[in-house]
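So, here's a batch of structures to check.
Same chain, two partners: chain A is paired with chain B first, then with chain C.
Up next is the complex of A and B:
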């Protein structure tokens, strides 16, 4: 047991210290550092460890399946997802490589999940899919940040897809994402017609009136609720710390509420004390 | 995002490149018997035959001869209590033909499941037995922690 533990710990140390660059550029197959790094030290025995996910070119279609060692396990322990801060220190090339590792990992997990569902078996640790998803989202965020910075430097614009607020046929505002067209705007009759949405009409006016009433009522009720809550607190605890109340309910005028009849407890007020 | 926002393609423009593809692909067990060099995949619905071919050749280094696809309709199901209908997503099924020399057989993932289950049950029985012994020993002195006596 001790030898395996030592091996695991040393592996964890090397993975933690070594950067992805060294791992990727060395002769070894590309590895997914945090997935293996945290785990081996934690799970030193018994538990199935989906250790380091390697992706060799020779595996071919078997890359769609998990390690055969963990096929029949009930629990597969893995590490956490990649954090944005860890990804920010990687180069573009490394991020590009990591994207494909994550993509393969996700395909593998989806395949395993599908097969497990088909065979009426329990898919071990389904949160692995979420972890890959979070990692991929974080990676995209980082790439997007870099893209924005580059565009701002070169062109003075963010390079993001242009958006603007427009009204739809119900008179509600939404973000319209612009897209490229083959025809210029003045020639594109179909587009002009599709954009020409007026929202006059009795039905729309009635809808908007009631919709706004609904929004207003929600706001009003929330306000009343917090006001009543404050009064009940003051009634039950006359010596309540007002600063805490003010911080908790910034919208409520506490000084005014203190003189309310509802905020007074069921006791005879002390006069002249 | 700008990496997901592609410019409109017009003839003569440079070829569009995908740097961070977000297509998914599942290798699924074929429902009907297939030749050994045909593999069945469930893929993102927006993938084309060319996408499937390029995906497998470039990312997985699997030689591909031909790809045929169809879109499988998701199952609809009526709720037993309230009667509303739910529908699963449609999914594209791709039948990928590899060269004649290649062969792929879908592996049996749960071959050793029974063995493993037996092992798990045995360890569970062992721990149950241990707990029973502990209770037996502590019958006359309830609440004593396990480390108290030898």
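Up next is the complex of A and C:
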């Protein structure tokens, strides 16, 4: 067995024991829960728990299912999702714990949804899935912000995966996400060959011409649509506030449209008033 | 503060459902390319929905917007600032209840509608079958906010025009044009399906208590998230990674 593999294995071993140890040392009630409470008032009874804490005692595979008490219920009320500002004041450790709490909750909800569909039951409050998803997205943004701050301070770069705009063989631009390589770029012949794709030729020029025409048509149609919309609004409400329309449709020349035939309503204009 | 007030509507979402859920539940995807490298990400889905008094996450809404059906477009004139809230006392200007006052129970900004309690109603027969005549129920028809209703001045309980103005504290309020009195936004506007007031919300088993949500445990440290977690869990990384290149 190679030495790197051995090292990997030993690392995995230590990792596992570390997590296991932490699991064994503390069998306490979790402080964080999947749902943020709705109000920032209401002091509650839960005492702060020190030390590494874990989720509730293992229930085996039944952790994939909701509490049997709520199985027959039509509504399972919960609070709202965690907001980014609430997550920003939490320590890394707590965010780490919360991530797994949310992950377990999501697994549970998706299992319950599947099971309910399977058994032709109504899955109560399906918006819980979205709430967990929002929380997880917010959590990831917060972690990313922290890492970015560290990297910017230490290296002057964001530490994110580098991306740049490049052209493909059809002359369309796309985001090229950089990869990690063992060889430096000048030695990596295979990569140079794969990257060295110019675009040109009659067929590509024709394609690009038509592609741009398509994009232009979409833009033109959108403009026409908003023009029509304004005319229809003016036709239905001749006394509509033009300032509001100007703010809503900055692209449309409203003074010109007012004299259009289509913008005139089905009424006899007042003459000599 | 002004910017946030300017951007967000004061009309609270009664259902208290996240926006993502509402979008997801009304979605009708007809065709979608597989998300693989050899396909362009293309989706054919319903763009135009007919909004009615049925809310987008309900089955009735889906029934009124059955996949594959098209309904005539409804022109909804843009309303820049939504000004009619749940719990507002308003005067009806049209119909058989013209001149009567009532309380707004529901606001439907997708159609510029409000529903007023006990006004502008009609009888509706539901559940009629061959040998059963059905049940007659009273149902309120929606009213247009731009033409059919106006707010009631709280000082003299008469219908009035109003204007949005700023107070000296920078708060945006509705002001009656006749008496100059502020027409406050009713507390009922903050009620949701889940609670009457945020303070009255009962915390459930899986909710994090508010005190713990507000607790500050973050300590600034010169470490990435991963470094901090590794330190916390006693994971020592002694190997030096081989030189690599990002390009």
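For the reader, a short list of remarks on this structure follows.
As a working rule, the second predicted complex is superposed on the first by the 163 of 273 C-alpha atoms of A that agree within 3 Å, B and C clash if a C-alpha of one lies under 4 Å from a C-alpha of the other, contacts with A are read in each partner's own complex, and residues count from 1 in each chain.
As a convention for this text, a residue touches a chain if its C-beta (ideal position, glycine included) is under 8 Å from a C-beta of that chain, and two chains touch if they have at least 3 such contacts.
This is a predicted model, so every value here is computed, not measured.
Look at A:106: by the touch rule set out above, it reaches chain B but stays clear of chain C. After superposition on the shared chain, chain A has more residues touched by C, the comparison being chain B against chain C. Of the two partner chains placed by superposition, chain B and chain C are both touched by A:143.
In the overlay built on the shared chain, the residue A:213 is in contact with neither chain B nor chain C. In the superposition on chain A, contact is made by A:233 with chain C only, not with chain B.
Using the contact criterion defined above for the overlaid structures, shared-chain residue A:260 touches neither chain B nor chain C, since it reaches no partner.
By the touch criterion stated above, A:157 is placed in contact with neither chain B nor chain C. By the touch criterion defined above, A:96 reaches both chain B and chain C.
Touch criterion met: A:181 reaches chain B and chain C at once.
Counting contacts by the rule stated earlier, residues 96, 143, 147, 151, 159, 179-182 of chain A appear in both its interface with chain B and its interface with chain C. Listed in rising order, the residues of chain C touching chain A in the complex are 16-18, 20-21, 24-25, 75, 77-78, 80, 146, 194-195, 198-199, 201, 203-219, 222-226, 228-229, 232-235, 239, 242, 244-247. Contacts from chain A toward chain C in the complex involve residues 7, 14-15, 18-19, 22, 31-46, 48, 52, 67, 77-82, 86, 88-96, 105, 126-127, 129-131, 133-134, 143, 146-147, 150-151, 153-154, 159, 162, 178-185, 191, 229, 232-233, 236-237, 240, 244-245, 247-248.
Across the interface of their complex, chain B is touched by residues 57, 60-65, 68, 71-74, 96, 99-100, 103-104, 106-107, 110-112, 114-116, 118-119, 121, 136, 139-140, 143-144, 147-148, 151, 159-161, 179-182 of chain A.
Interface residues of chain B, counted against chain A in their complex, comprise 1-3, 5, 7-8, 10, 19-22, 24-29, 39, 42, 59-62, 104, 107, 109-113, 115-116, 120.
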